[in-house]
């Protein structure tokens, strides 16, 4: 196998940070190619959460004692790290949620259903969204009478940008789009879309679940109003997510969860809200999760998000070339890695994606199969399911080679 | 100090399981008396979450590969443990959320705002609820036109049960109450309240955040329709909560969060739901959190929830007696430990609760001060704030002695 | 490597590549359809009963992985000629035994989809989700 | 033990036990009120300006912990006679310096509540939450 000159990251050193990558599966080396579903975690992140519990576990914000001070400092410190990670102006623009899914629902309910939207107001999405950026808007349709419209994709898997000309009108109040598709890998021109949303007076809501882990994000440059992502896909713990919002966007948003910490005053039957972003953090937050996510952001920042992106482009390019040469294997999404993140959906003639995944599993290779929570996109391409491999900082070209060898084995079984 | 014959738990052995209890604060032994805010975590729980990340981290449910199988097995295993912990009939009655707060909001939105309730339908709460069991119902009032009514408390801090006679009518659709108050410690007669709710055709929603960690719960015996609690207050991780629901109650509830995993089919503009309980778990769940919570339930089960309760009764009894003898100190809530959990709210003449907490902190003692997210209750007792000490399995009578000595020091400062 | 061939035994691959009783059955008395929401596997079952309540005709349609489709095909071979009472008594284990492969939790859902559709077809109200 | 006495110095306890300028000021020109939502501390400030825009009268009302109330009391002593321009320039640090005690994040909110109310009273639109 040609050894890469251009792979930028020191993968052996990185692998050494990930305890799980030392393990074997079915007596094989673990080849983890499902980071788009959830990433693995470095020791640093695992230790940070254990350390919280072992040394300074306390509830945040209200405690007057030392432990509580420490916990609050670290929790708010994580907020600062995340703000820096996506170049927000202030930590007050960062809301901790449990997931991208919760973040998007916070906007759908708080800005849509319970917020500013009126019946007949329009929301423009795309057909390539993850279910988490479809279903919340259905709620706004069903319970507030909003009208949903969708931008289609080309056969290559890029947005049909010209459709925005027609779909964006004075009635448009929300324009929502994934920064990066979890199936096609397509990186969408979000800056352009946000600009056009603003031209008609709409806000732009961005699902960055597949982007935040893999490329550098500058919310000020993108000029988006809301942006959502998950910790678990970017080396962080499960159960922690982020919602970025411009101050005026967050101020215009009603809270989703009512409860402790998000209030200013509560009386029988009425209440007033705490300041942004606390207004959106009702209930005891995932303190360990936030702290772990802060350390994950540190880890990625140290690698350099541009290096991460370059590394993944290299692997993806290599994989695309290898796949090109495989008979009976079809890939989906852009072929130009400048337009594509390290997500590779594919199908193999006569072999169902589930069976592909099962057979690869036996070889120690983890990939995903199914609709990838993107059924409308699957319908658009008339596919019941695909297999999907996805790459991250701990993958290298050998992992791609293992995948390709595994695919050949699948083809033998289903010959 | 009189050494207790009756404290049932082996506290030195338990303390040894909690790494944080080995640490010093301001050069003093850590005396943690704020478990009602959040509990400390035993090594077993900390290790279980690290172990997940280090050995079998993967997204749950959809993965076909070995890691995903292991993660799913443990995650669903945790659901089984929680079902057993509260004696639910089936794991399908257990929904994982991020907190009690989210659990209660799931019911308020899903059964109330987006669900069955009609304008004018009535919800009966109590004045002793935590904000997390007030504010969600405000949403149902504000956005669905529900009418909110409240049962008052006696000066001793027990529910004025006779008020249910008047408040419960044919219009009542939801009756909600805390199983245990986080300020007064009052243990409410929830079985009786559920029975009366059912008599008028209402469902009974129980906030068990302060009960699940401290006493054995049998949802079938209580015969409640929904019951909510948090992992972090019962030795478990942050960011994980539970909503128990009877099958028919969950079936009648619309999902709160739209997104991945909670759907059956998604098309542009419409979707159908996955089965209960998955319908309520939109987005990647807090997998490590659920697994850690399962281990926390194991830990408590091994101690025995009846022994836990007896232990805390003993400590509370001892504390009440000590406090009784302190001049200028007033306690709130029932004086009979059979009616009271290990939560002791108090005030000291001429010393504000914040100042009490600050001074105790210097002595290494962690207590809470403020409104404890129960402003309507504070208004009822005309108190701006109180101090609050709360006890758990790792506390003993020496901790109470330390608290009492600390209070004397506070009195010196503010003499 | 053995695990691959455990799962994709001759029998499974044969039923997958050459499904028995596949196709529509217009006007069938009992029909049911279900899909596995997480996987997209789909099975449709058509049954006709004769005068003595035996299954006289059975056909399935569907798409999905080898396990789900082979399982449906195998199930149809088990049903032909069976009295209704025995159809009702036919439990998951009977089908799994016939499949004879080791199944993980996720793949179990694939394997049992056809059984679930059968229960829907015979009007079992309590048919759990496969 | 020293930390206790760091926080509860003579001056703080004195202002807490014997607050200066405490009470209502009916008809005052500038009035503002705020509370710390998490703690329940409350401070109300009343100000009168004379013809040359100096603070001629100042009173506070409130309830809360020693730190918040002593801080309010101390602030009033700093305001009396100050020209409006200097009131506007009076920043958080000036007050904290006068308090002269080490403060944790949570207690900082107590200490700065009165300063926040002052900014509200003089109509500073950007007054951050204390």
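In this document, chain identifiers A, B, C and D correspond to the written order of the chains, with residue numbering beginning at 1 in each.
Just so we're on the same page, a residue touches a chain if its C-beta (ideal position, glycine included) is under 8 Å from a C-beta of that chain, and two chains touch if they have at least 3 such contacts.
As the structure is a computational prediction, the values presented were derived from the model and not from experiment.
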- Two candidates, B-D and B-C; the one with more touching C-beta pairs is B-D
- Hey, how far is the Cα centre of chain A from the one of chain C, in Å? 37
- Message: Nearest whole angstrom, what separates the Cα centre of chain C from the Cα centre of chain D?
- Response: 76
- Task: Would you mind pulling out the distance in Å between where the CA atoms of chain B average out and where those of chain C do?
- Result: 45
- Message: Quick check on chain C: which residues sit in contact with 2+ other chains?
- Response: 38-39, 107
- Among the residues of chain B, which ones contact at least 2 other chains? 26, 62-64, 68, 261, 263, 265, 354, 358, 361, 369-370
- Tell me, which pairs of chains are in touch? A-B, A-C, A-D, B-C, B-D
- Message: Residue numbers of chain C touching chain A in their complex, please.
- Response: 1, 3-4, 7-8, 13, 38-42, 63-68, 107, 110
- Query: If you look only at chain B, which of its residues touch chain D in the complex?
  - Reply: 26, 351-355, 358-359, 361-362, 369-371, 378, 384-385, 409, 413-414
- Query: Where on chain D does chain A make contact in their complex?
  - Reply: 35, 37-39, 104-107, 129
- Message: Show me the residue ranges of chain A that touch chain B in the complex, using the header's touch definition.
- Response: 19-20, 23, 25-26, 30, 32, 34, 37-38, 40-41, 45-46, 49-50, 53-59, 62-68, 98-102, 104-105, 108, 114, 127, 130-136, 138-139, 141, 143, 148, 150, 230, 232, 237-241, 256-263, 265-271, 282-289, 354, 357-358, 360-361, 365-370, 373, 375-376, 379
- Query: Which residues of chain A touch chain D in their complex?
  - Reply: 61-64, 68-69, 72-73, 261, 263-265, 274-275
